[in-house]
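Take this structure, written in structure tokens, and hold onto it; I'll ask about it next.
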Amino acid sequence: MDNHVYKKVEIIGTSTISSDDAIKNAISRAAKTTHHLRWFEVVETRGSLKDGDVFQWQVTIKLGFTMDDN
Amino acid sequence: MDNHVYKKVEIIGTSTISSDDAIKNAISRAAKTTHHLRWFEVVETRGSLKDGDVFQWQVTIKLGFTMDDN
Amino acid sequence: MDNHVYKKVEIIGTSTISSDDAIKNAISRAAKTTHHLRWFEVVETRGSLKDGDVFQWQVTIKLGFTMDDN
Amino acid sequence: MDNHVYKKVEIIGTSTISSDDAIKNAISRAAKTTHHLRWFEVVETRGSLKDGDVFQWQVTIKLGFTMDDN
Amino acid sequence: MDNHVYKKVEIIGTSTISSDDAIKNAISRAAKTTHHLRWFEVVETRGSLKDGDVFQWQVTIKLGFTMDDN
Amino acid sequence: MDNHVYKKVEIIGTSTISSDDAIKNAISRAAKTTHHLRWFEVVETRGSLKDGDVFQWQVTIKLGFTMDDN
Amino acid sequence: MDNHVYKKVEIIGTSTISSDDAIKNAISRAAKTTHHLRWFEVVETRGSLKDGDVFQWQVTIKLGFTMDDN
Amino acid sequence: MDNHVYKKVEIIGTSTISSDDAIKNAISRAAKTTHHLRWFEVVETRGSLKDGDVFQWQVTIKLGFTMDDN
Amino acid sequence: MDNHVYKKVEIIGTSTISSDDAIKNAISRAAKTTHHLRWFEVVETRGSLKDGDVFQWQVTIKLGFTMDDN
Amino acid sequence: MDNHVYKKVEIIGTSTISSDDAIKNAISRAAKTTHHLRWFEVVETRGSLKDGDVFQWQVTIKLGFTMDDN
Amino acid sequence: MDNHVYKKVEIIGTSTISSDDAIKNAISRAAKTTHHLRWFEVVETRGSLKDGDVFQWQVTIKLGFTMDDN
Amino acid sequence: MDNHVYKKVEIIGTSTISSDDAIKNAISRAAKTTHHLRWFEVVETRGSLKDGDVFQWQVTIKLGFTMDDN
């Protein structure tokens, strides 16, 4: 069995729809440039307001991925 | 550029629908009496249970708003 | 008035649908073997990834219930 | 069922008698100007000293109360 | 010397008298069904309010006990 | 000796000059509407950036003040 | 794909040999009565002392396991 | 006005009577060898158990005192 | 409105002058290789000592920047 | 004296041998692509289990390194 | 290479000038009685207020120094 | 039964061999000047790096000891 090494990066996704959607947007963007994404951990949920309602959900996550061995 | 000063208050919103909806209810209620709401931060998510299901979502948030200068 | 005593257990629910659904799955499973469930508190939200999207939401909650007095 | 909204404020009660009494003093003072007080959470317990003994207990609590809907 | 293994459970005791009494009630109840209780750690102190006074002290503790080796 | 009761509010001061100046601005603004300010505690220091330099310091503090007894 | 539900319990393992060994002892003991153990998380490392040396390593871990669906 | 410098030390007081009494015992003992004690902060409350009751309260506090300038 | 995605990196700036200057040095260095810097958050302030004085301020910050969409 | 700037990255090393070995594996892998590694800080220790024993140690560390000035 | 052992003590420095100056005052005072001071870590920044302005900055730091081997 | 009072001090042990050895070195050094050492708690594990390997393990612990009553 290989002793894989993983790296975590911290990303903030945003969405006007929902907190879950903000997470998905962050992952979707990161997947364009980072391979082997394995898991995420929610660090913080916040958002901006406008006219007494949520304008934009902003969710900070950590993304874990396998480091290639070459 | 003005050096605005902001204040944060801690509010708990509730909802029988979803955690996001509990946040929206808190903001909606606060907007009736507080102007210049700018952002929110989720502090804690919890809820009451009934018959093996979520009865009510309870989300504690901090609400940030601009303090008027007069 | 009785001085009830409560116990908390830590459970991780999973779902391919949403973070709220992962919480509901944890509660639904716990309700099969634990009575008098009263409240939950979200401890951590994370998940596994696949093809640049959320594959499974994993939410850790604490579940509070009344301890029977016999 | 109504989706009540609650607010939390942070108060420090003091007492020369005991830590529990400092909490009671904070609640008693807050009750003069705030209605619908529902619960408290202890945030910090400290105190001042004099002649090798506790001079004054100082307990910081958060007080939760229902926001009226008008 | 034996390498004992211990387990911790999380319990909430309540009391209308004092915070210390709430802890004692939690321990007393747990002792009915759990043997070899060794120590406790206070996790959180809170309570419900009524008429501007503490109605019920609610103290969350962790209870440590020796796991029998059979 | 009186058993004073204190309240804490959370304020964010900003400044284009320094982190200490952001704290002073928050206190100066709060003093316009709140009497008997006694102490502050720094909660978080952050800021916005522009052209590779700090544009605005933003310091969150808690402000403690004596509650009048009438 | 099944939406498994997991439970976490808190255990303290002890050892006169090393901190890693204390963890192994906790897991070994728990495995006698709990099936489907999947992972552990170290919560705290401490120990007792005697004659200026470590007498016993004491490591608190959380143990995660799959809850059977029947 | 002098710019005093203070030092904090961490002490655990014990008592068979109450949590408040454990704090008083810690302060009383420290006062024998440390002058100019000014304040304390509770860090942790725990205790040992015997026969389903609290055997000994153990409260960790930090003690602040003025450093003499000579 | 675009749903921007942001990334945070952790940097330690140093300075022999002041804590604020250490932050500015970190930002200035990061700006050479990272575009679209938007905000910073102070994580930790520490420093090395020499001859009873601060020799070097060392401030850890998180730097947030917009991820380009290509 | 130069005011160096440092960066921290978060890595998870794994090992079937020991927790210390998992740390060494993470550092060894990172050293292949990152120069000027200076220090590490342990963030979390966990692992996967199999047949009542540790299968793989997983240690999350932060790695600090000097940023080259060109 | 020697395996040095270090000790940390917790000190509060005060200043009417700035937060950085309060740190310097704490270090300056500690250097009178403690040799081999190596580093400091800021634990908390607070202060007393007077007439709507900062009266005294109070910064708690931990001071690390080498323990002599005799 | 005596109500003993304990004190905790914060020490950093170092070792080129292992994290456990760094703890033992700290205890061994402290035992030269402090009697009645009873327990330790690990606060932080870190280390310096050299040539892509751990150069020195640095473990911060708190050491508890009984205060003599004279």
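A, B, C, D, E, F, G, H, I, J, K and L are the chain letters, set down in written order, and residue numbers restart from 1 in every chain.
Note that in this section contacts are C-beta pairs under 8 Å (C-beta built on N, C-alpha and C of every residue); 3 or more make two chains touch, one makes a residue touch a chain.
Please read these numbers as outputs of a predicted model, since none were measured by experiment.
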Legend entry - Touch-network distance, subunit E to subunit I, counted in steps: 3
Legend entry - From the options A-I, E-H or D-H, the pair that copies E-G, where over half of the contact pairs coincide: A-I
Inset, instruction - For subunit E and subunit K, let me know how many angstrom lie between their CA-based centres, rounded off. - result: 38
Inset, instruction - Averaged over CA atoms, how far is the centre of subunit C from the centre of subunit J? Could you give it in whole Å? - result: 32
Legend entry - Between subunit G and subunit F, distance of the C-alpha-averaged centres to the nearest whole Å: 44
Legend entry - Interchain centroid distance [CA atoms averaged], subunit B/subunit C, Å: 23
Legend entry - Residues of subunit G touching at least two other chains: 9, 19, 30
Inset, instruction - Mind listing the subunit D positions that touch subunit F in their complex? - result: 9-16, 22, 25-26, 29-30, 56, 60
Inset, instruction - Spell out the part of subunit B that touches subunit A in their complex, as residue ranges. - result: 19-20, 23-24, 27-28, 30-32, 37-42, 63
Legend entry - Residues on subunit J engaged by subunit G in the complex (per definition of touch): 18-19, 44-49, 51-54, 57
Legend entry - Touching residues on subunit J, where the partner in the complex is subunit I: 1, 3-9, 62, 64, 67, 69
